[in-house]
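Below, each structure is written out as structure tokens.
In the two assemblies presented below, chain A is common to both, partnered first by chain B and then by chain C.
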Partner chain A sequence: MTLNDTAHGDVLVVRVEDSRIDAARAPEFKTAMIERIDRGHVRLVLDLSKVDFVDSSGLGAIVSCLKRIGPRGNLAVAGAKGAVAKLFALTRMDRVFPLHASVDDALKSVAG
Partner chain B sequence: MPGVVRLSIDSDLNQVEFIARAVRSLCDNLLGREDAEAVELAVVEAMNNIIKHGYRGRRGEAVDVNVTLTRSEVEVEVVDHATPIPERIVKGGEPLAFDFDATDVAGLPEGGMGLTLIRMSMDEVDYVSRPGENRLRMVKRIAAS
Partner chain C sequence: MTIRTTLQMLTGVLALALVVAVGGQLLAQANARFEAQRLYAHDSLRGKLLLLGSRLGEERGRAFVILRSAETSEEFVRRLRAARAGVDLTLEATLAEVRRRQDLLSRPEAIRATLAAATDVLNALREDVDKAREAGDEPRSRRLANRWFDTVTDLIASIGSLRLSLLQDAPLQDTALATESRLRRALGLMGEHMGRVRARLAAADGVDSAAESRAFDEVARDLGAATLALELTDERQILGLRPGIADAMNAVRKEFDGVFRPAALNLLSNLRQGTRVPGTGERWFEAATGSIADVDDAQRTLLRSSEGRLRDLEAAGERLMAMWAGLLAAGLLASAGVMLIVRRRVIEPIEELSAAMLRLAENDLDVKLPRPKRRDEIGAMQTAFRTFKANAMQRQRLQRERDALNESLARAYAQLRRDLEAAAAIQEALLPPNGRLGPLRHVGLFRPSSVVAGDSYNVIRRPNGAVAFFQIDVAGHGAPAALVSVASQNALAQAALGRHGDASLAVLAKGINSDWPDELPYFTMVFGEVDPVNGEGRLVQAGHPAPLIVSRDGSRRTVGEGGLPVGMISEADYDEAAFRLEEGERLILYSDGLTEAEDAQGRPFGEQLPALIKRHANADAEQLLEAIDEEVRRWRGSDDLDDDLTVLVIERTTDREVA
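Coming up: the complex of A and B.
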């Protein structure tokens, strides 16, 4: 699982470079994200523009990141499309993570 | 045109992607993109459940997937020899939609979504458990063009 970090002020944009976040990869993804949160990155944009498949284990890992952040910050999702956007809609997690078309839009929503 | 393709993997989450990609390419010419993606999700969720809950992460067991293609539907049957899905979950009137309080972050579900996603993604789902063998049959109908 390759994650690419870019800092924008106090917001960390994390782009997932793999095409899938599935049950095989979810534990590694979650560990890597929690490590960032525990280093103090509590305003995050998760860029899923390169991801074309997420299963419920991957989605559960994203939810657990939001729980780890808690009231200290926020996590926005950018670039979800196709099957990935559909999973957020089916599970109604799009009410929890509003889906932003671009990283720029997502940055506005998490800026402190 | 009707045909049956039989696939088999070891009970290893790292191998689920191979089945997902194979089933996806079998569906691609028959179903539209959204329906093919729905079948891929259902198959992955079914296999994850078998490996994580049925075999409890134990490798070295077989998970078989039979894909039957006809003019009117794609049928995917997943066969395992693991602990079956508990009857209360299969029959237990599991909701066909996700209902939770989106404002209660601490209470958001992180798991247990697989079976509901399978039912939402496919047109028909049935599960038959016999001693030593479980069969999950999932059907996606091909939209008339």
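Coming up: the complex of A and C.
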């Protein structure tokens, strides 16, 4: 699992470089994200523009991150497309965290 | 060929080569020693024969003088007897020598025969001489005197020939020995000629002047011959011989040149002139005998020297023989020692190691290995073998442990597998069998990706006649998902049966969601209800793919706007979606395991689904599910699935009869 971090002020943009977040990769993804959150990065943009597929484990991992942040900060997801966007729509993730087409849009929402 | 055979053969060959080489030397030395003994025997016999010749010469002279003279002194006669005894003694000694050395002599019989014949002739002549003297017949005596002289001279010559033939039988290779031999022969000749001169001059009495004149000529010739023989003993030859020989030869030369020869010439000259002094003959004879004794002395000196040399040769041969024999013994001892050491230090340890190695190779770890006590290569090999055996034993122990571990793992795995299979059987038993509830027919497809599944579904008739249905997909799969699946199925079944009247499904879902323990994985579901009489229905979609309603003509529509999975966000709200199932229409619920089943290129099966459903719009629901199952297998290229796959079809039949 390769994650690429870019700091924008107090917001950390984490780009997932792998094409899948599935049962095999979800635990590792979750650990890496939790580690960032515990370091104090509570304003996060998760850039999924390179991800083609997320399964139920991956979805669970993303929601776990959100729960970990809790009221201290927030998490936005950017660049979800195709099967990933469909899954988010099916599971109504828009009710859980903001979904944005681009990282820039997401940055605005998180910073605000 | 074994190392034992090779080493033993090599040592054997070396020992054999040693025996052959040294044995050859030993044999050669034995031959040389025998040859030295033979030379000694021949040389010694020749010495005896020389002495015999000299003694015979004296007897010949004395008897000759007595036979020729009218009067001889008593002393002279006595000396004749002494000379005879000397001859007899020498003859006996010679014969004894032949007997003693006959094994070393080339032809002892011929020598004995010659000597016997000489003895016979001599004895016959002596008898004649004695008779003639007793008779006192002077003319007869004088005739006999000439015969006696000539015959004994012949005997002496034959003894000389015998000496020569002995020399030819055992020729002397050694230069010094050959020189000494030549000197002895020359001295022998010289002595013989001096003896003849001595006898003839002593016997001259002037009775027969013509015969006497011839005898004087003989004397002159003999004197010349003796001089010539002396000249043969050249001083150059004597150089390199022992000092005693040179002294003896010088004495001979001095006596001959200074005394014998001048006296003989003087006497001869007087006799030729007719001057005769009575008694001169006997005096001359004794004086000449003294000169000849010098020659005999030189002879004896030479003989002793030769014997010494031959003894030295023999002793040298014996020493060499002893040396070679010692060498042979030492060599054989060394060979035996080498054989013993090679056997003890090399062959036996190697054979022992080899036997142990073969047993080790056959995995016989009980084999006793020789204890390494040595610091050489064999000791190193023994140490290496012990290490090898220790390693093999450790390997064997580890292998046994591994085998035991594998066996217990296999047992545990088999137990787990049996448990899982039993769990799967239970899980499958929880699913409703395909069947009919009034006009509603329901058919299910259930394919776990492992033995047990996180997917589940159920169709239940409520007490008020409505038919409740649900399909669940627990996040993840395998045993944990299966357990959660059973729990959630139970929760939903309880909720469906325990609901009061027309209470909202959304509220029900919200209740289940908020009660769901945080520790359990979330699940997606479709939870709904349909009135079998009019087909009116409602459902809650919670993160699960939206159900399809398919008509007989192949047209389709989805129900539901999506929703949060159950157990993910405890505060979540859910929406209820209404639908109406017309007669002949099918409600199709499926888990994402169907749409996300990927082919080898990673393409999801979902895109194939609408066309497949449309193609089977008029077929039986069972046929539709069979087709889906078959197509997914073909799509995957195998029977394996990454995720559990579940499809539930609820069909509103056109059959008006309500059960």
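Going forward, the second predicted complex is superposed on the first by the 111 of 112 C-alpha atoms of A that agree within 3 Å, B and C clash if a C-alpha of one lies under 4 Å from a C-alpha of the other, contacts with A are read in each partner's own complex, and residues count from 1 in each chain.
The criterion applied here is as follows: contacts are C-beta pairs under 8 Å (C-beta built on N, C-alpha and C of every residue); 3 or more make two chains touch, one makes a residue touch a chain.
Remember, predicted model here, so these are calculated numbers, not experimental data.
A.B. asks: Which one hits more chain A residues, chain B or chain C?
C.D. replies: The partner with more contacted residues on chain A is B.
A.B. asks: Examine A:A101 and indicate which partner it touches, taking first as chain B and second as chain C; both and neither are also allowed.
C.D. replies: neither
A.B. asks: A:D55 contacts which: chain B (first), chain C (second), both, neither?
C.D. replies: both
A.B. asks: Just to be sure I read the superposition right, which of the two partners does A:G82 touch: chain B = first, chain C = second, or both, or neither?
C.D. replies: first
A.B. asks: So, does A:G70 touch the first partner chain B, the second partner chain C, both, or neither?
C.D. replies: In the superposition, A:G70 touches chain B alone.
A.B. asks: Would you check which partner chain A:L90 touches, where first means chain B only, second means chain C only, and both and neither mean what they say?
C.D. replies: After superposition on chain A, A:L90 lies in contact with both partners, chain B and chain C.
A.B. asks: Go through chain A and flag every residue that touches chain B in one model and chain C in the other.
C.D. replies: In chain A, residues 23, 53, 55-57, 59-60, 63, 83, 90-93, 95-96 are touched by chain B and also by chain C.
A.B. asks: What residues of chain A sit close enough to touch chain B in their complex?
C.D. replies: 20, 22-24, 53, 55-57, 59-61, 63-64, 66-67, 70, 82-83, 86-87, 90-93, 95-96
A.B. asks: Show which residues of chain A lie in contact with chain C when the two form their complex.
C.D. replies: Listed in rising order, the residues of chain A that touch chain C are 23, 53, 55-57, 59-60, 63, 83, 89-93, 95-96.
A.B. asks: Which residues, counting only chain B, touch chain A once they are in their complex?
C.D. replies: Residues 13-14, 16-17, 20, 33-34, 37-38, 40-41, 44-45, 48, 51-52, 97-100, 102, 105-106, 108-111, 113-114, 117, 120-121 of chain B touch chain A in their complex.
A.B. asks: Which bits of chain C are touching chain A when the two form their complex?
C.D. replies: Result: residues 473, 475-477, 521-522, 524, 541, 543-546, 561-565, 568-569, 572, 592, 596, 604, 643 of chain C touch chain A.
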